[in-house]
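Both complexes shown next keep subunit A, but they swap its partner, so subunit B is in the first and subunit C is in the second.
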Partner chain A sequence: MPTSWLDVPRDWMSSLGDIAKFCWRVMVEVFEGRALHFFGETLRQAGILILGSAIVIWGLAFIVGLTCGIEGAYFNRAVGAPSYAGVFSAWCDLREAMPYAFGYMMSAKVGTGLVAEIGAMRISDEIDALEVMGISSLTFLCSTRLLAAWMVLPFMYIAAVGAGFFASYLAVVQQIGEVSSGGFFLIFWMFQNPPDLLYSTIKGMAMATVIVLVGCYYGYTASGGPVGVGTATAKSMVLNTVLVHLVGMLGTQIFWGTNPRAPIGG
Partner chain B sequence: MVRAAADRAFLPTKNLLEQVGDMMILTGKTLLSAIRPPYPYGTEFVQQFLFMLRLCWLPLLISTVAFGYGAPGLQAGNFLVIFGAVDRLGGFFVLASIREFAPFVTAIILAGVGGTAITADLGARKIREELDALQVLGVDPIKNLVVPRFLALMIVTGLFNIFALIFGILGGVLATLTFDAPLGPFFATLLSNATTTDLWGSVLKTTLFGAIIAIVSCYKGMTASGGAEGVGRAVNQGVVIEFLGIFAFNYVFTQTLLATHPEISVIK
Partner chain C sequence: MSDEQRDDEYIDGAEAETGADPIPEPAAVDSRSDDAIAQEAAGRSPMTHESPEDIPANIHDQTRDGEHPYQWHEGVNREHGSTDAVEFIDVKKSFGRNTVLNGLNFGIPEGQISMIIGPSGTGKSVCIKHMVGLLYPDEGDVLVHGESVPNMSDDDLFEMRKKFGVLFQDGALFGSMNVFDNTAFPLRQHTDKGEDEIAEICNRRLREVGLAGAVDKMPNELSGGMRKRAGFARALVLDPQIVLFDEPDSGLDPVRTALLCELIQEVHAENGGAYVVITHDIMSARRVADYLAVLWKGRIVESGPAGELFNSPNQFVRQFLSGEARGPLGME
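And then the complex of A and B:
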């Protein structure tokens, strides 16, 4: 239990170098193709990711899409352009809300799940057992999970964007009935293009990578019995929520900055 | 065969419904024992309150500035710049910051940082059988552990909302400066569009978010079980339920507020 106001930043500072070194090692293992030696394990992790996390991630994306929809409908009614609710939905969903919803649910479901799972292995000395058997535990446990995330998550992310779009359509057209279906979709598709989807996906993937790496780090370095696993899980969530917001801001700044990428104006 | 298939389909649902029911019962018990004398939880309440403040202030500060600068600041600013009306960004921040993102970023941080800490703490006590020991000693865990956390989290989330609001608007100020626009019109439109209804709606919403977070974290912590993975698993499930609960409640609340108070969405 922290007793001082500066405990959280001090904790980050003291583990920053460790985390960076750990992330670098895991990424190198993936890029050098060593994770492919355990391709079966990678596929198993990918399956766990799909079966365990897809529904909740899409569920959160759907709820956030609904909220975006009603806010957009009421805002556009207020400015006297209710038929333009599609602009708000297109930008809010695709560019901002979906990456954040994805990042939140990833850190809650996948990030803390990884800490609990790998941390329990560390506590019951299974990781040492792997090393004794001559299997590189870092490759087997962390790199395979990162590779699995990279294989599965782009598709899961795009499906989440679809869930958000569908929810916004339901909220604006069916629930509030501010604009006709055709009018909504005309504006909605006009104000987005494939590069926007690509940028949004890159943003989501950057968050996912950070979350998986942070989860693996806190699990891999857990100590202090069952209680230690719980504490490590809580700590990973602290770092993940902050990093999700920072990655989201940097992504917006890099990809859109002060260039609106809209089909109007000069 | 049919039985097995039915079990496979309905057992998770039954499990979920049972958990929701248990949480409702815990909420009822917590409210009752908060009101009913004696009140032994004063010290614990102050400790939990300060604990939350110390734990959450920095993550919340970084997150709200980042969110305010990126999502509503740059994106909405971009849109308004096309029409040469970047001074309207202040008015948009009433909608964006006060009504939407300050409350839910506060809730996300409190759930992710404070809620997980509570679950880990109570889960550790459950695993070490301290909760059972308390009951043997005749100390009621709900009155002495859950009630102070419930009250502290409700109040601290409501107050942190104001903090998040201020730093979210700081993000908007940074975005306005990025567009080389003057700050006077930003604050002018912000203050002329802000209403008291928005503010109390925002604070009420976050206070209720705090209640959701506290009940789910305490419930998951107090029912943690199952060896080394148990506490970690409890934190994991708790934070997932909290996030879904927060966003579902946010949708219902925003919809109700906007539909019952049409005057707050009039642009001035």
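And then the complex of A and C:
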């Protein structure tokens, strides 16, 4: 139990420091190429990401795209500009909704999965078994997963953005139908450009990196048996949720804060 | 009285006085210090001269009122006739306020099956984790073939670990791989052997442990005993010089325990090396051990060849090895 009110924030700072140090070690292993020694394991993890998470991420992206389209269409109708529904869809989908949807599903599925899997390995001595075989468990378990995420997730994210765009089109043009297909796409593409897609992908990948690293940290340092792994899973979800919003907010401020990149007013 | 009768009377008298043959036999090798021998002559363990303040509180908590925590620790390390594969030099280790090892001094002999036995929670598993560098001592040193483990760089540590094979308590098989892939894993990671050669080695080891028919099974499809045997096969594939067994008999019935002991002996006879078994099963110790070390309250009570320890006069050792309820060891 904390003995003074300073103990709680001190513990948080100490944990943040531990997490930062761990994340740095994992990334260094990737940048220095040591994760490539276990490229087979990296490919296996990439396959698990694709087979286990792609459909559900695209599914969520589709639903969120529908929401953006519906919201934009009704709002624009209310202000007397139904043909500009593409504006809301373009910005909502690409800049905010897709990164957050991606972040939420990554936290819920991939992040918690990492904690559970690596944490279970920790409490059943599998990590110790790797270490005594002369294999760096940090590299084998964490750096390979990070490298796999970096290899696979950009494509998965861009596909999710595509799913969201398609859903917005379905909602605005097919479902509500107050603008034609050509009219929708004219405005839709006018209000976004390739750099916006790049920035959105950077936001999404930043979230994914943070989620994988936090998941690996809580799994790798789990203790206290199955209850400890469960507690670590919950903690990782809380931290990932906060960090997803923090990364999203920072990304929006950095990429679109000073220049909204909107074709308005010449 | 003739001279002969006088000699017989002298001899009888001498025997009656000392209980010993007056013609001295060559002294047995005793590695204890003069101070330790003097302490024993005074009827006390040589370690009871320690001040109570120097002994951690959690160890006091395990001691009956009125007793010194180390009064049974004679610190006798009998000669085993080999060099030491692993040496512990005054190792101390604490986890928070809980001191687990408190001045551990002993050696694991080369080429023999050694057993570290002792009550539950006394630091046996912590001891073997120090051997492979999974834990580092707070004080003292651990030497493996003369090299200090705590002072090794990461690269040297990983190289040193290749000398070891470790069987963890529940096998510690990787859940994502089947039995064959688990067994082949160290070979695929550390050698350039082709798959045919790897398959030949793995199948041989799995046949030795009686798992030839289970190569395609996943760990969650195996019984506890099968997981241990698979872990044993995996520990052997790199022909390690030192094999560690962390309570291999836990969760096994007496028959399977006996079979596992037999397996350990057979494999050791074939492959050699230093085997270290952590257990508190005395039957296994009787069956298998060449060398025994009795660990209690973070220190060695006594160690030496198994035959000598089973005849030890030390009350704690006698109680523990006979499984008696009465004696120095209680429920504290």
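Throughout what follows, the second predicted complex is superposed on the first by the 251 of 266 C-alpha atoms of A that agree within 3 Å, B and C clash if a C-alpha of one lies under 4 Å from a C-alpha of the other, contacts with A are read in each partner's own complex, and residues count from 1 in each chain.
Just so it is clear, a residue touches a chain if its C-beta (ideal position, glycine included) is under 8 Å from a C-beta of that chain, and two chains touch if they have at least 3 such contacts.
Since we're looking at a predicted model, the values are computed, not measured.
With the two structures aligned on subunit A, subunit B fits next to subunit C without clashing. In the superposition on chain A, the chain among subunit B and subunit C reaching more residues of subunit A is B.
Within the superposed three-chain model, A:264 lies in touch with subunit B and out of touch with subunit C [touch as defined at top].
With both structures placed on the common chain, the touch criterion links A:136 to subunit C but leaves subunit B unconnected. When the two structures are aligned on the shared chain, A:237 is found in touch with subunit B, with no touch to subunit C.
Of the two partner chains placed by superposition, only subunit B is touched by A:78; subunit C is not.
In the superposed model, A:166 makes contact with neither subunit B nor subunit C. Of the two partner chains, subunit B is the only one touched by A:249; subunit C is not. By the touch criterion stated above, A:128 is placed in contact with subunit C alone, subunit B being left untouched. Applying the stated contact rule after C-alpha superposition, one finds that A:87 touches subunit B and leaves subunit C untouched.
Superposition on the shared chain A places subunit B and subunit C such that, viewed from the Cα centre of subunit A, they span 100 degrees in steps of 10. Contacts of A:120 after superposition on the shared chain: both subunit B and subunit C are touched. In this overlay, which is a superposition and not a single complex, subunit B and subunit C have their closest Cα atoms 10 Å apart. Subunit A residues 120, 124 lie at the interface with subunit B in one structure and with subunit C in the other.
Listing the residues of subunit B that touch subunit A in their complex gives 51, 54-55, 57-59, 62-63, 66-67, 69-71, 74-75, 77-79, 81-83, 92, 95, 99-100, 105, 108-109, 112-113, 116-117, 119-121, 123-124, 127-128, 178-179, 224, 227-236, 239-240, 242-244, 247-248, 250-251, 254-255, 258, 265-267. Taken together, the subunit C residues at the contact with subunit A in this complex read 129, 132, 134, 154, 158-159, 161-162, 164, 166, 168-170, 172-175, 185-186, 189-190. Only residues 120-121, 124-126, 128-129, 131-136 of subunit A touch subunit C when the two sit together in their complex. For subunit A in complex with subunit B, the touching residues are 1-5, 7-9, 56, 59-60, 63-64, 66-67, 70-71, 74-75, 77-79, 87, 91, 95-97, 100-101, 104-105, 107-109, 112-113, 115-117, 119-120, 123-124, 225-227, 229-234, 237-238, 240-242, 245-246, 248-249, 251-253, 256-260, 262, 264-265.
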